[in-house]
Every structure is written in structure tokens, then in C-alpha cells.
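Note that the chains take the letters A, B, C and D in the order they are written out, and that residue 1 is the start of every chain.
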């Protein structure tokens, strides 16, 4: 265990390559089958690329930007960079070009490895703004043959270069790997902060690997796990699960064939260790329900019976609580008839450990997966903490807590509920931003999470909201917008919600309908509509949402602390809140401030007591074109439960 | 020489009967795109009905003991039965099989065959029955002046050939001249189009199958009175198949000419080639003849040519 | 419902292209074969083996062959009985004329002769299409019937084409007991089914199907109609011929041309249509249906204790048979194999409807 | 970059008749290597018949076709295919009973050498060959972005995707000349854009010469190097898009009817 303190990712790679050279390291569905890369082959690939990068002039401490879907050769490029003591900087592949400018300049990035033509085009588009960016290598040459840009080349060329360089300096990379130190910087993650420029979070090999190991021990992960990597590598979550832990534990990471085939690929691979933010689980559940709608009556009856049973006994069984024999038998039957097949068609039948994190998950949603026998749990952590802070033990999964602090973590709650953390996994600092670093890291190494919460009866941490967002209403009552918004979002028909109320006498909210769910609902009640804006404005749809809000209010009323936060007025937005329009972060967190500025007129209307308000909004479409959507939004008054 | 001409005439007369049955195939195929293998079964069924009714009617109503009356009534009844069959076929099967593959339809008609064979023998018994419509059995001798010993012709064959000719002519007229006939042709050319201009498909099909039933009845009577009504009658249809493809599935003149060609070819081959091969070749000769001919002209004598459009 | 496919991923084309890619299917097939090869021979009563399973297997084999021609290559043939006859008589001649020729070899020789005849009668298919071809193939049927009846050398001199065989051995083992006959037929059926499956999932099979689905397009991508059609006739006739040999040698023992008459051809056509055109399992399903149906129908009156004369019952049987055929064509024109496929699809998606 | 080369396909005075009816009369034009050559004209102008002559579906009554210096009076489909001419069809001519994968695999049949017995045993060489071809086909599936439908029966695919499979089958032949018969007929805007991209990519990445029949004038003018205009089986125009657009006969016969 002593080498733990001293190891680095490249060394882990070499260790695997030495210990189990022919074992699968990475699989990618390509050309119809799962093309497998063994640890040995991977090590060779990494070495070649490292030599290539060295030849190209990438040195220790320099940065290499990596943009693209999960692709084995992008993983290899990151390892190659680390082999040279350089620092990979993964960026979100779905970001628009301008969002690359800050990170690239901020980290003086000269080298980029990207997936395909799409990413190349984006980088070329911002080349003037980023004069430093000298070399760009691409993985997939499709459509790039006729490009003749200086410094643009295929990854194969880089590998060729590497082979030549290796011929001249055979031991170069090995030496670099050997001399690297565990507390060298391993990676730089840009957090799409809810306001202002993104901040570069600096992590060392030690911090990432320590947390990866901690998580491994907590869930007893083995090298036999299968993981499907389909979320952006730039997101610390995916990065920890499919990179840090992959190298720490040595299991197999599988890359889907294309975005359009993720579901098929998920089913084929049947991962044993699965990680996804709540919205993914939500999407899955919605699909399940929609597909069951068209099932024959008897089948639906059976399904509902089984689900009712599952809701009753499923979670208890998962938590290992005592359950009557009769129920056990019934559940076994249900498992044969529904739960098993369902897990299978979802591709989750082999899941041993599944995590959700990033935002609160709805109780129904959460218990659905547990009740059909999927060991879904929650964890608490952030980019700055290398994810693993609190995890839920297998038999203590709750929808409203985020688990217990795991090994190495110290937790402190300031008055006002803000959470402070100390752990070996903390960031080294924000890149070239002492001010920001000082804000979050104090002298004794305590990290200010900015979240507000408390420890509940059985030692689980419970999160209410961002500490800074927890406000007070005019009447002095506590106001936790996120808490309210989440309660709204737990309804399948509501995709996003934004609640206002800090310093006001009442709470008002914007609601974003879920186009799929509501659209499907509309079709079933044969209600014709022309697109999102039209559907959102339908009186019937308003009825639907009013019902949801009424329930939320009733719910809030029960909790003395939050009774004041009941929603008095709301409106349904005419467009989907979208990261491309700066309304959400890349991880789909609501950008409260941005929205408040953008839709000020609507807020005024809500508080000004108007019955409706006209608004025009500029939108960006997928293909980069932009246009306007306009609508006259109706505002609804809700009665509050006392 | 005389012998040759005798054979020739014999062939021609047999050929007319083939044409008659072939016509049954062509009618149905034109109108409903069904290659009706049940034609043979229909012949047997019709003949059985005819034979048995002619036998039963005097027993039921002694007043009608007169053979002519009995035969006429029996014929009418048998015809009625065939119409019922046509209706049943359309309502119960065809209307539910529209736009199926040709092969599937062909299989369906084989289904009819089994059914009709079973039904016929259940209703009318499975012995050998005879039909006596007063066909003269004695032969005539003609053209003695021309040939030594003259040419011997069976009156029976002659009459049957005549009947067949008349019938064929009538049907041809019916097809070319009457409104129904034109409707039938329209349907044959294009089902959808025909329906869209308001030609009731099901009625048309019932008519066609009834006509085919009628043809089958006549053929059954003629053959029945010659060979007696028995199961082997249904095999007569197999003889007509080469006629159909030789003439072209969709062509009435084809059926007629084809019938004559096959009839003559069969007889001549049996007499001039048969002995060399050990006899009994007529069963396959017709087919081989048709086959060889198709190699030259795949769509038969008068069938439409198929052009590939891509 | 029983499928658990998650985690069954393929990392080689070999694995991806195997006949049964899903593990559960492979297990089921293994069990099926085990039952067929071990349990049935040990437990099944003689009557079942002799009167039902042996004919079922042989006809399945013939239907398999016919399906290659009709179902995969789209060439209708009404002359199947003839090819069976050729196989049977050729094999008989081989046995009779060549001293001590192994049974299997004779049967395969029979198949080879059938192939030759099949190709000869397949030549017209290059010019003639659809129903014209169907009728034309009857030429083969009647010609062979006649030849077997009249041509001495075909029957090795025996009168009116009636011949008989006895004392069959395979690898020194006597083929006398129903069980041994059953096992022999089963082995043939299984081996040929496997070979046929390999063919239809290879280049040649794709040629056939291309010919069937869109011959012009097939020609444009370089497929030769001659090659595609004649190979289909050849392969089909070979399998049918071997089946014919088995029918004569193993099932009948003594036979005359009537055993392979036009009704046999129709019966086989029924099997492939009802079983399912263009599927290997179709032949077996269809054969099962056509073999069992009449037996069931004949049994019915006895079971219900109805006083029906044998003649009458045979008439009723053929009536009901006819009705069922038509009914079946109406409800499932694509055959039992399609039914099976859809059922399987449903099971895989369960509990979802689609 | 694409460089247009020598004449690869030369059609001289071709005439075609169907029982008296003249489908084509005395058509001549040439196709240069690596170019995109469009054939336009109103319905029934004989465009498809022209292609059918080139790959031997129809036999011209007069005239000759020269391909890579070899001159033929009658083309033979297989020979044409072997010489490297592939073709897609106006109204889909896919093999309905087969999966996307198998449809495209048929395009590789010319390259399969193993005989029947090997295939029946599907062992050793036969299997290796099958897999080698599968690899090639998978590249095409990837190129056309239809991975998600690999094993779907083509009949179940939407029209636009079926068109792609048709193209895939042609590409599988690794043709030097690709004849496209209205590849965008009946497609919506996005589908057309995709198809255009594919056609251009094929032309640029594999340097394939393309003969294109298309109704969408916008597309034709955008992507083709030279255009032949047919009307009632006669050639009424030939040249660069702009020349053709300016040609009065063409305007009268064709563009006039368009807008």
C-alpha cells in the first residue's frame, strides 16, 4: 500500500500492463463490434503518443487540451500528457467555440487533441483569439483530408512522430514517468461556475488517486467491473469513474459507438458499475412509462400490480430489512415476470453499484430503481473534492440524504449550516486565481463547499441548498429556492423550475415543462400543438402544472421551517432553459443570476400582479444559427395552504 | 394418311375440350390473379352433382322420370351448386386474401381442391357414376371417296367438340362484347383502378368463379358421359395446365389455340413417338412441349410481355 | 421474458455472426438437441417413432431443400416429388448395381443424380418466371413418374417401378429398429439443416435472396442470374433427393412411383408455405403441422366416439384439411416461422410491447 | 483536392427502343474521371433509360459505350459491375427481405471467391473471407452513419435511410464510377443535405466519378461539374451548370417548367 502515496496515473498504467498485459483495458464499439484494447496495447499506444507529444514540444507543467466524446485514443492522449508530467485539460465537447477561448488562454494551451471535424472546426474558428494554440491533432480524419491548416494533423501522424522520436530517445518517456511525483499536478478541470468565467480546478495525482481508492474500498470494486463511459470527460464525475478509478482499480471502460446508439450499447455491455446524474435516470423512467402506455391492458395491469408490490417491499429488501415470506415470494415472482426483464431491457441487470449525484433526485424516481432491485445510491462531492466525500452504504440509500462521510473525510458544519470539508482529495487550488482559492481553502486546509445542510439522525448528510442561495423572505422566514425547485422538478411534467423569493414577501416561480412527457400527455388526450412554445401556453397544460404546484405547496406547508416558501404565483416559460443560451451550466444547473437578468420583465410581471406578460427572447439553435421566440405568457395565482 | 388425319381430327376434338377447361383457368386468372388449381376438383364436383341429381330427381318426384327433363333439371341444380361454391370461395377466402403472393393464392386453391374433393364425395358418394345425356356412341365414317376405308370419327367426340366450340365462342363474345365482360377485363388489368371507377370487385369475382363453375360443369358432363364420373376426372385439369401456359395465362385466344396444339400434339406423339419410348408418354409430352415453347417465348403464345422498369 | 441479454456483447465478428448470438437461444437449442438425440429414442413408443417422427424428419429435410429454392431464391417448383423420386431410385440403383456400397454413399449418390436432374429442369427458370415456371416444373413431375414406371433401367428391371430394399446398415450398425431409423433420419436432418443455414447466411445465400427480392438490382451489382438460380436448383434438388432416398429406404422400404407423385410435391409446398418461406426452421415447423394435422383429424372421431365410416372420415379429413390450409393462409400468410419470430421479439422486449 | 482527369466513360450515339417507341435517340456525352456529372431533364426524358443502358439492363439499338478505352455495343451487367461501375435506383430497389448489413454485403459478392462447399461448411477460408468482407462493409455503415440500424430489415427503415442503404450497397462495390438515379427524390431538407454531404464525401475521399440524375436544380447546380440535359430522349444541352442554365432550349424544356 505504501506506493499509493507515491504513484501516478502513468505508473498505474504500467503496473496493469505488467501485471495483466492481455486483460481488456478499454473497449469501443466500432464497426459493429466491441474493439478491445488490452493494457499492453494501451501502454504501447500511450508511449508512442507521449513520444510524439514530446517531439512536438510538450513539456512538464504545460497543458494539453482534450475535447471529444469518450474515445480510447483521447484517454490515451491524456495518459500520454501525464507521462510527460504535462497536464491534460478536458473540455466539454458540446460547448460552443467561444466557451473554449477562456480556458485555452487562461492555461496558455499550445496543444490540443480533439475527436473529429466538428471540434477541429470550433478550434480553428477561435484561432485568432487563441494565438498560443499551435498544434491540433484529430482522432477521426473523416472530412478533414482537404484541410490545410498550419499545425493541424491526424493523431496517427502524432503516433508516427512518436515512433521516430522513440527511436532516437528510447528511454525518454520511461524516465519521465519514473521521475514524476505523486503530488505533481495530474489534471485541470474547468468548472462552469454559475457566474463569471470558469475556474480551473487543479488536482494532483495523489488527490485523485486517493479518492478513487477510497471509493473503491467503500464499494469493494474489483478489476472485473464493466463501466460505460458516455458522459463528458470534462465533467469530474465521468472523469473519476472512467479515468481515475479505471486506472486505480483496473476495470474495463467501454465507449459507446455513437451518441445515437448509447442505449443499445448500454444494453449490450450491461455495466456492473454505473454512474449518472438524476436527469439520466429520469429520462430512462419517463421512457419506461411512455413505452408501457401502449402495452396491452392485461400486461399493464400486471405491470402496475408488480410495481405496487415493488414500491411496498422492494426498498426494504434492498436495505436488508425483514420482509414477510409471502411478500418475498410475491417479489420473487414479480422479479421473474417484470423486474428482471425490465432491468434487462434497461441494460442495468448486471449493475452491482449505481450512483447518482450532482443534484437532488426525486423520491419516487429514486425508489423506483431501488424497488426493481437496482442498487442505486447517492453520493456527495464536487470537482474541488474529487467527488468522493459522502457515500451511501448499500443498505442505507435514501433519496433525501447524500450518505455518510467516507474514510479520510472530515466534515464541519458552520452555523447557518454551511458545510466545510477536509480530505486528501481536495483541490490544490484554482489555476492562477489565488483570490478564489483563498475564498474556499483556509489555513488548516478546510474547504468551503458553499452548500448548506445538516447531519440527520443516523449520521447521513442532508443538503438543503447552496448556502448563498438560502435567503430570507421579507417576513423573515427561511427561503431555500433549490429545495422548492427540486420539489417541482420531481414531477415528470416539469423539467426545470426557478423560484424567487429572497427578500420578497411571497415566492414566485418560472416553470419549464418537460416536452416529451407533456407532449406525450397531450397526444394521449388528443390535444394538438405546434411545437414547444405553443404546447407550453395551452390552458390544459397550465391545469396540469397548477396541480403539481398545489401539491408542492401542500408539501411545503407541512414543514414549519419552509411553510413560508409556498409558491403564490407562477408562469410557464415559452422556451426550454438551455446551456447554449447561458441559462444553464453545462451540467444543467440553473444559472439563477443570468436568468433573473434575462427575464427581469417576467419577474416584475409576477410580482407586479399582472395577469400576463409579452416577451421576446433570442435563442441559439444546435446548428449555431440564432433566432427569436416570442410569446404572451399567462401568470397563474395559487392559493396557499395555511 | 387417313389414319394420320383421323388422329389429327381426334386431337383437335380432344383439344377443344382442353381449351374449355383452360378457359376456366384463364377467366379466373385474368379477373382475380388466382391460378386456380381447384379447376379439376370443380369439374369432378360438378360432374358428381350432375350425375347424382339426374339419378335422384326421378326418385324424389316420379313425375319427372323423363330423362331429358331430369337431365335439364339436374344440370340447373348442379349449376346452382357451382354458383354457391363460387360465392363461398369469394366471401370466405378470396376477399380475405387480396394482395397476397401468387404462390399463396395458388396454395389456397389447393386448399379448395382438398375441400371440394372431400365435400363432393361426402355429399354425392364415391362410387363410379354415369351421366347419360343421350350422347350417340356410334362412330361415323366420312370421306370414303377420298381415302380408302374413309375416316372414322366418334360422334360423341364430334358433338362434345361442337358443344365446346359453341361454349368457347359464347364466352369469348361475352368477354369482348358485354358490359360485364368489359368490367372483367378492366379488373384483370388493374384491381385498384377498377375499384376506383366503381366496379364492385367481389361481384366480379363471384361472376367469374360462377362462369368457371359453369365451364367446369359442361366439361364434367362431357367427360363424365365419356369416361363415367369418378375421381380420375379431376386429373383432366392437369392436362389443361400446359395448354394454359402455352397459350398465355391471360389470353382467351391463347387458351383455344393452345388447346388445339396440345390436343393434336399429344395424339400424334402418342402414336408416332410413343412406341419408341415404351408408350404412355402423353401425360408428360404436353408439358415438355409447353416447356420447350416457353423457352422461346416466356410469356406464352398471346401473353403480355414483361419489361423491367428500374 | 426469459431473455437476459444485457452483458452479452460481441468483441469479434465471429461471435457476432454465429447462428444463435443470444446465450439463452444456444442453451435452448442444446436442450432441444439433447432431447432429440437421447431422450426421445430411449422413451418414445415405436408407433411414434415409426409412423410420426421418421416421416416428419424426412419430410422436414425435403421441405428444407424445397425452401431453399422457393423461399430463398423465389423460384416456384411443383416438381419436388420428382426430385425425391430421382433420389430414391438413383440410390436404389446404386445399392442394387454396386456390391456392398455403404448406405450413406448411395443416398448421397441419389442426391447427386437429383442435382443433375434438378439443374436440367432448372434451366427454364432462366427465361420463365412465376406461375409459368411453376407449371413448367410439373413437366419434371410427370416425366419422372413416367420414367420410373416405364423405363426398365431406372428401376433396375423391376416391374412397374415397384422396388424394395432390406438389410440396411450404417457403419456396420443395422438400421432395423424404429429408433435406429429415427436416429439416422435425425442426423441427416440436423446436418443438412446446419449446412443449409451456413449457405443462406453466406455469399451464395445472399445471391439467392437478392435474386428473389429484386433481380434487376441483383444483376447490376454483378450477380449472375444463371449462377444464382442454378445453384439454388442444384442445392435444393440435392437435399430433396437425399430426402427421397431416406423416404424410400428408411421409411417405406418398398415403394413404387406413386410414393412420389404430384400430391407429394403439393404436400411439400404446403409445408414450406405454412412453415414459413425463407427460413430454415420453417421446413421443420411446416412438416410438423402437415404431418400431425391429418393424424389428429383422423383420431378426432374416435376420441369423440362418433360413428363415422373410414371412407367418410377420410373425406371429412380432407375437407377440414383444405379449410385449415385456407384459414392458415389467411391468418398468417408468412407462416409459422414468422409467428415464432414475432413471439421471440415480444419475449425479448418484454415487458415493453415494442 | 479533387482533380478532374481524363474521359473515363464515353457514350456515343446511343438509341433505345421499346417496340417502336424511341426512349433515347442518338445520345452522346462523356464523363471525366473524378468529376460529378449530372443528367437532368423532365420526367420521361429517358434519364433512367440512359443509366440502364450503361449498366446493361437495357440493350441499345444503336450506338456504343466506351469505358476506360474498351468499346462495347452491348453492356453486360456483370461485366460492367466488374469494371467498377455501381448504381443506385430511382425507386428503391433494395432487397426487402434482408437486413441493412446483408443488403450492403451483397455489394461485396463480386469480391467473394469461396465456392459453395466452403460456404456450406463455413470453416477456415470461407469464414475468414466472410469476416474480411464484413469489415469493409462496416466501414461503409460507419461512413453513412447508419450504425443504429445495422441488423434492421430494410423494409422497416424510413425512406431517407433506405436511400442511404441503397448508396451503401453501391459503395460496397468500391466503384470507380457511381451512377446515382435521383438519390434525393422524396427527401426532406435535412435528408437532402445529408445525402449531398455523402455524395461530395464519396467524390472527394475516394475520388469516385459520379453520374447523377437529379430533379432538385439547386442541388444539381451546386454540386455538379458538368450537366447533360435530356428531353424526350434527345440531348438538348451539355456543359457547365451556368452555361446550361443560360441555354434557351433548356430553359424552355425544363427550367421554365420548374419556376
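We take it that contacts are C-beta pairs under 8 Å (C-beta built on N, C-alpha and C of every residue); 3 or more make two chains touch, one makes a residue touch a chain.
Given the structure is predicted, the values throughout are model-derived calculations rather than measurements.
Visitor: Hey, what chains does chain B share as contacts with chain D?
Guide: C
Visitor: Among all chains, whose Cα centre is located farthest from the one for chain D?
Guide: B
Visitor: Counting C-beta pairs in contact, which comes out ahead: A-C or C-D?
Guide: C-D
Visitor: Between chain C and chain D, what is the separation of their C-alpha centroids in Å?
Guide: Result: the chain centres lie 40 Å from each other.
Visitor: Averaging over Cα atoms per chain, report the distance between chain A and chain C in Å.
Guide: Measuring from centre to centre gives 58 Å for this pair.
Visitor: Please compute the C-alpha centroid of chain B, do the same for chain C, then give the distance between them in whole Å.
Guide: Distance between chain centres: 33 Å.
Visitor: Measure off the straight-line distance from the CA centroid of chain A to the CA centroid of chain D, and report it in whole Å.
Guide: 46
Visitor: In chain C, what residues contact two or more other chains?
Guide: Answer for chain C, listing residues that touch two or more other chains: 13, 216-217, 220.
Visitor: If I count partner chains per residue in chain A, which residues reach a count of at least 2?
Guide: Touching at least two other chains: 32.
Visitor: Hey, what residues on chain B touch two or more of the other chains?
Guide: Only 308, 310 qualify.
Visitor: Quick check on the complex: what are the chain D residues that touch chain C?
Guide: 55-57, 77-78, 80-82, 86-87, 89, 93-98, 102, 105-110, 112, 114, 116, 119-122, 126-127, 130-131, 133-135, 169-170, 173
Visitor: Touching chain B in the complex: which residues of chain C?
Guide: Those residues of chain C that touch chain B are 70, 76, 124, 127-132, 134-136, 138-139, 142-143, 145-146, 149-151, 216-217, 220, 262, 266, 269-270, 273, 311-312, 315-326, 329-330, 333.
Visitor: So in the complex, the part of chain C that touches chain A is made up of which residues?
Guide: My answer: residues 1, 3-13, 15-16, 349-354.
Visitor: For chain B, which residues are in contact with chain C within the complex?
Guide: 35, 92-93, 96-97, 100-104, 106-108, 110-119, 121-122, 126, 238, 241-242, 244-245, 249, 277-281, 283-284, 287-288, 290-291, 294-295, 298-300, 306, 308, 310
Visitor: Applying the document's contact rule, which stretches of chain A touch chain D when the two form their complex?
Guide: 30-32, 142-143, 145-146, 257-258, 260-261, 264
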